[in-house]
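Letters are used for the chains, namely A, B and C, taken in the order the chains are written, and counting of residues starts over at 1 for each.
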Amino acid sequence: MLSVSQLSKSYKGRGWRANAVAAVENVDFELAKGGSLGVVGESGSGKSTLARMISRLVDVTSGRIVFEDADISAISPSAFVHRPERRKIQHVFQDTGENLTPHLTARAAVADPIRRLVGITDEEEIRAKVDALAASVALSPDLLGRYPHQLSGGQKARVGIARALASNPDLLILDEPTAALDVSVQAAILKLLHRLRSEFGLAYLFISHDIEVVRLMCDNVIIMRLGRVVEQGPTRQIFENPQSDYGRTLLAAVPRLKAKAGVAGEVIA
Amino acid sequence: MLDVRHLSINFSTRRGTVKALDRIDLQIVPGEIVGLVGESGSGKSVLSYAISGLLDSSARVASGEICWHGNVIGTIRERRATRAAIAQIFQNPRASLNPIMTIRRQLADVAGEGQVSALLESVRIDPGRGNHYPFELSGGQCQRVGIALALGCEPELLIADEPTTGLDVTTEAAIMTLIRDLSVRRGMATLLVTHNLALAAVHCDRIVVMHAGQIVECAPAARLAYTPMHPYADQLLASVPQHSATADDLRTVPGLLPDLAGPLPPCRFASRCSRHQIDCDEAPPPLVALAPAHFVACRHPLC
Amino acid sequence: MQLTATLQDGLRRDPLTAITMGIIGFICVVALVGPILATYDPLATDPSSALRPPSWQHLCGTDHVGRDICTRIIYATRLDLFIAVLAVTLALIIGSLIGSVAGFFGGFVDRIAMWIIDTIMAFPLFLLAMGIVAALGNSLENIVYATAIVNVPFYARTVRAEMKQRREMGFVEAARVSGNGPFRILAVHLFPTAVPQLMIQVTLTMGWAMLNAAALSFIGLGIRPPTPEWGIMVAEGASFIITGEWWVALFPGLTLVLVVLSLNLVGDGLRDVLDARERR
């Protein structure tokens, strides 16, 4: 369904600094319909830029993105808004406090893509659709009339997901959807995302710095560092036997709850 | 060394009185690393600020006290004389540094010009970088400068408030190892405030779990990781991704945090607890030792 | 909406702002219904009762041709308020348009827009207003246009700054992904976020706009006597101060000061309330 080859993005150097900055370099991967691919990397790895290129929010410097047999990499972000593919590729944003327009209610936020992408104009129909979407993300209907600053982190995350599902997409790009949430709220959102994937037959491109989250959510993983793909393959394989040095370092650095002997377990008097 | 006795703190706000802390008992002895774990709204930050004396004027101590080497100290902003031995590092490393002063100058302010190079070396920053400004340093390096600033006071207790949130996991490992090493070498006690259970489990000797302003469990790190006894601690552990094989195995904590400004039951986890029974509503559950050094505040703990 | 709730709350805490808002409200009421209640005809001359000091019959005294000053002040309120509101509204519309487009699209459009704005701001604004009125001719219309042009830069810059600050934020990208074209994003998602700052600018510059109109009339451009207007009244009364008839100039001047001061204080108070909310 999605095939990415030699995708690259570089930013021109500004002023007297002549060197261009390569944010993403020569990334290749494929994603099947209904599949899930995780992109793991630390800050500066280019994973967010990659996600935004595939969502067509950012120009591609070189390479191809083929979505359902159409090359969409050549289409500029401003032109892409009007293409039919726009409603098939949706994006759930990093959950900073600013993903929802501050002066629009949750209902208005979810209704926006219904109006713009699906083209429904009948108010009753829109209302019904918003209610149905709220139900599928387990968002209580009385929260729909609230403004973003009146919602908790978990509730805002659900609104963002409902908004992304509004146009009935085939591919959902999730960029750190749970990074700022408490661990128990994160668990709820991850379970929700997992259920929605099978319920709606979605494909996920899941970006995260948290390799454990990616392990739970994705069948395949690519590890990025400084714009390049360092390792990729099925999740289980990478976790059990990382081939690259960086992959090994990354996995070793994650603090393990069930600690290794002698590190923290001994009781101090 | 540090003895928090039955501390309750309220905040007077527009919405009413927010009962942020409820009868907190906590002791820290020299040299130990204690993890204070909780989610947002658990009161862990309020407690750490109370110990540092950084709470603002809307805070009221409703009961209890904080004792430092046997002397009672206030929790609201006051002169630092009694607190010279408590230092703090903060969550956003860039925000705690002055952006228009070189790091050398900032460290010299705290520890004196002569100590600057030694301090930078102890946090593994090349002393040659002393003339750089914070914006020229990475997040991890800024945090190390923050640690150096805290250490410059030669503290007996270091309060680390979410020191690695927002940092990469490899940087996080380096920072935490640094804090541990320094603790051991200087005989300094550390209070690590974090929402990351795994981090606390790896680096702390003892973990204190908080929920809605109450301490629910307090145990050595390994014991908590393997055998949590409070229902909340147990469910919190089960919601950590590491713990589960698949997404379906993930457990969530049901319900929502109670509104701290409204009426509160004696056990603030009651409305979310599957083990709740009538006697839970009668009086607050006392913190009892169910195993050596393992304290639980629950009338119906697991096992 | 959340804005009005914050405002109500902020006003409760800051009595000064509440009082000054009350004064403004009173002025508006005077402008609307004052002329109906006034007992004298503002234009009726009565040389026999010229230059009478304040008394129960004439609360503010009479001017040099016997007109009741109090009545004239009331009628002038309507005129001055009208000029200020009209000019500010015009400037608001034009400035917002320029500022939004410049701030959101950036690049070449931004440069041209800022070139225009900077050119206007390079002149001492009152001199520019004088020049415009002198060039276009003395009329009420031209005072409004001159005042409006001179105020456009403030609004344009405010809106431009707000747009620039927010155009990279998540909700703007989310709006793009939801299928909104650039103009719709600007109109629906971005521009309303600039409203709080604009409100502050409006109240702060409204007072200046009023002063501007009064000052232009004071020097003889714009409104002509016998139309009652605060600036003209102060001008007419200025020559009588030396001869001891202080009330002819004082009362209109005092009214002007009171209104402009109130507007400025309201603007400050509003800024304190709204900035605190944003900083939260």
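Going forward, a contact is a pair of C-beta atoms (placed from the backbone, for glycine too) under 8 Å apart; a residue touches a chain by one contact, two chains touch by 3 or more.
On a predicted model such as this, the values are computed, not experimentally measured, just so you know.
> Give me the chains shared as neighbours by chain B and chain C.
Joint contacts, listed by label: A.
> Sort out for me whether A-C or A-B is joined by the greater number of C-beta contact pairs.
The comparison resolves to A-B.
> Could you please state the distance in Å, as a whole number, between where the Cα atoms of chain B are centred and where those of chain C are centred?
That pair's centroid distance is 53 Å.
> Provide the C-alpha centroid distance between chain A and chain B, rounded to the nearest whole angstrom.
31
> On a C-alpha centroid basis, what's the spacing between chain A and chain C, in Å?
Taking the average C-alpha coordinate of chain A and of chain C, the gap between them is 49 Å.
> Can you list the residues of chain B that touch 2 or more other chains?
Expected reply: no residues.
> Help me check something: in the complex, which residues belonging to chain B touch chain A?
Its residues touching chain A are 32, 39-40, 139, 168-170, 172-173, 176, 195-199, 201-206, 220-223, 225-226, 235-237, 239-244, 246-248, 250-253, 256, 292-293.
> Sort out for me which residues of chain A touch chain C in the complex.
Result: residues 52, 55, 57, 77-78, 81-82, 86-87, 90-91, 93-94, 96, 98-104, 112-113, 116-117, 147, 149, 160, 163-164, 166-167 of chain A touch chain C.
> What residues of chain A sit close enough to touch chain B in their complex?
42-43, 152-153, 182-188, 190-191, 193-194, 209-213, 215-217, 249-250, 253-259, 263-268
> Considering the complex alone, what residue numbers of chain C touch chain A?
The touching residues are 1-2, 169-171, 173-182, 184, 188-189, 192-193.
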